[in-house]
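Structures given as C-alpha cells follow.
Okay, so subunit A shows up in both of these, paired with subunit B first and subunit C after.
Here is the complex of A and B:
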C-alpha cells in the first residue's frame, strides 16, 4: 500500500536546505525548495525531482507561489536566522502549516519562539552537544 | 519617554534627532560602523554598533527600560524579529515597525506588533489617489485607524453641490471640518450651503466613511 506523499517546503538551498530537500525527494515526498539565488539549486542531488522556486522567501507572494497553504511541513533552513523565523511564523499564522521547523544559528533568540509553536534547530547547540558527548565519552 | 531605534539610513538619523529635540532618552542601534560613528558625532543619543535584532544588543540598549522600540531596518524579517525580541524578552510595551512590503502588514499585526507603517503603501496611495479622477484623497488615518481624514472636492452635479449641510442628513460618525472656498476657509454650520469646487476636509469613522462620501459625491465618490 502506498503512503500518500507529503508536501514539504524547504526554504534555502544551501548545504543544509539542499541536503534535506534531496533526501526527502528521494524518499518519495513531494518537495518544493525556495532560494534567492538560481545558482543554489545546483546543490541539489541529480535525483531531486521536486520543484524549484527562485525568489525571496520573505515575500508572501513567493510563499503563495510555493503553495505553502498546502504544505504538510515547512523547513526553514536558510542561512539567515531572521528569514527563517519570519517564514516559520508566516507558515504557522497565515498558511496554517501543521509542522514548522527553523534553523537558528544564534540560540539566544530561542525563547521568543517557544511560544509560537515553531520547532527550532540550532546547529551551534547540536555541534556543542556532539563535542561534549565525545569529550565525556573520552573521560569515561 | 525612553525609545530604542533599530535601523539604518537617513530616516534613522532624522528620527533620532527629532526625538532627542523632544527630550526623549534615545538609544540608536545600527549595524553600520560608519553610520554609528556619524550618528554618535551628530546626535545627542547613545549609539550602539551591532545587530539590533539580537537579545545581546537589545540588552546593551537597555530595552528593558524602554517605553517604545522602533524598527526601521530595510528587511521586513529583521524588523519583525527585532520587535518580537523586544516585546517578548524585554517586555517593551510598544513596538513600532516599518513594513517595507505592504503585503506583510497583516502578519505583523497578527503577531502582535503594536503599530506598523508601510512607506510603500503610503506613497502608493498618495500617487494613486492624486491620479484618480474622483477628487477624493485620503490624507491620514487617526487614532490608530479609528478616524479618517479625507480631502474631497465637490464636483458640479454632486449631491452635495448647492445643498445646506443640515439637509444632507450625514451619518453620526461623520463631520465636515472645514470648507475651503477660493481663498476663504470656512468652518461650516448646518446653514452653510456647499458649492461646486468647494474643497472639504472630512473626518469620519471608518464604518461611516463610505456612506459619507456617497452622500456628498454620489457617483463621483
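Here is the complex of A and C:
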C-alpha cells in the first residue's frame, strides 16, 4: 500500500467495462462503474470491491454523482461512440480529469477525440491487427 | 503498563483491545471496499448483509463503530439506528448513503449518527471517518467517566 490508490471511473459495465473495472479493482485501485442497467453489474467479478452507479452517463448529474471531479482516470467503455465522446469531453473539460481513455468503434472519428486530448482504443483496429498477425504467423 | 504518550502517531487511538467495526450494507462490493480500506488500520472487521443481520451482530458482539448503509431492503439503516439509540448502545454510527439522499442522512445525524459518508467514497475518506469517531469515543471515555450511557446529542449545525 505504498502507492495510494487512484480513483478511476469506468463508464459502461458490459463485457469491456466490467473487465476493466474488475481488473483495476483487483489491482487495488478505487473504482466506480456506471451503467444504465442494474443487470449489467452482474458482469463484474466476485472480487470487485468498488462502487456501482446505475444511471445514464449522458447526464452530467450522474457524472457528478460518480465524483468525476476527483477522478485520476476515466475509461469511457460504453457501447456507443457518441456517449463515449461526450463523457470523455466532459471528463477533460468540465471535470478536469488528467487522463481519459475512450473506446471508439469508428476509427474515422479518432481526430475528434484527439482534439480534446483523449486517448482512444479502437476494437476494430486492434482486432484487425490481431487477425493480420495470426494470418501472417500461419503463412510462416 | 501504559507508557505510551497520548499523542502517538498511530492511526487509531490506543485502546485495550482492537476496535471492532461492523459494516452493514446489502451490497457485497461495498462490504469488500470497506474491509480492504480498513485492513491496514488494525481494527477487527465484521460484516452484516441486512438490517436484521446488523441488529443480531450488535447483540452478539462488542461493536465500537457501525458503518451503516441507509438503503437496505427489509429493516433499513434508519430503523437500525433507532434501535441502537433506543438500546443506548455505546456504538459510534457512521452513515453510508447514496448521492442525493442528503435529507435521509440529515435525519440520521439528528437521530445520533456521528458522521456520514456519501457513496462513492475513497478508502482514505473512510479511514478518516473511522479514525475521527474512534478518537471522539476515546476522548469521551477519558473526559466523561461518569456518563456511562455514551449518548451523544444531535449535532447543532444546520
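We take it that the second predicted complex is superposed on the first by the 139 of 140 C-alpha atoms of A that agree within 3 Å, B and C clash if a C-alpha of one lies under 4 Å from a C-alpha of the other, contacts with A are read in each partner's own complex, and residues count from 1 in each chain.
Just so it is clear, a residue touches a chain if its C-beta (ideal position, glycine included) is under 8 Å from a C-beta of that chain, and two chains touch if they have at least 3 such contacts.
Just so it is clear, the structure is predicted and the values come from calculations on it, not from any experiment.
Participant: For the overlay on subunit A, clash or fit between subunit B and subunit C?
Facilitator: When both complexes are placed onto subunit A, subunit B and subunit C end up side by side without any clash.
Participant: Roughly how many degrees, to the nearest 10, is the angle at subunit A when you join its Cα centre to the Cα centres of subunit B and subunit C?
Facilitator: Angle at the centre of subunit A: 100 degrees.
Participant: For A:80, select first, second, both or neither according to whether it touches subunit B, subunit C, the two together, or no partner.
Facilitator: first
Participant: For A:109, decide between first (touching subunit B), second (touching subunit C), both and neither.
Facilitator: A:109 sits against subunit B, while subunit C stays out of touch.
Participant: Is A:30 touching the first partner subunit B, the second partner subunit C, both, or neither of them?
Facilitator: second
Participant: With the two complexes superposed on chain A, say which partner A:50 touches: subunit B (first), subunit C (second), both, or neither.
Facilitator: After superposition on chain A, A:50 lies in contact with subunit C alone.
Participant: Determine, under the contact definition given at the top, whether A:66 touches first (subunit B), second (subunit C), both, or neither.
Facilitator: second
Participant: With the two structures placed on a shared chain A, what shortest C-alpha distance in Å links subunit B and subunit C?
Facilitator: 17
Participant: Check subunit A for residues that touch subunit B in one structure and subunit C in the other, and list them.
Facilitator: none
Participant: In the complex, go through subunit A and note every residue touching subunit B.
Facilitator: 58-61, 80-83, 85-87, 89-90, 93-94, 106, 108-109, 111-112, 115-116
Participant: Using the touch rule from the top, collect the residues of subunit C that touch subunit A in their complex.
Facilitator: 27, 29-30, 32-33, 35-36, 40, 99-100, 119-120, 122-124
Participant: Give the list of subunit B residues in touch with subunit A in this complex.
Facilitator: Touching subunit A: residues 53-56, 75-78, 80-81, 84-85, 88-89, 101, 103-104, 106-107, 110-111 of subunit B.
Participant: Give the list of subunit A residues in touch with subunit C in this complex.
Facilitator: Those residues of subunit A that touch subunit C are 1, 4-5, 7, 28, 30, 32, 44, 47-53, 64-67, 70.
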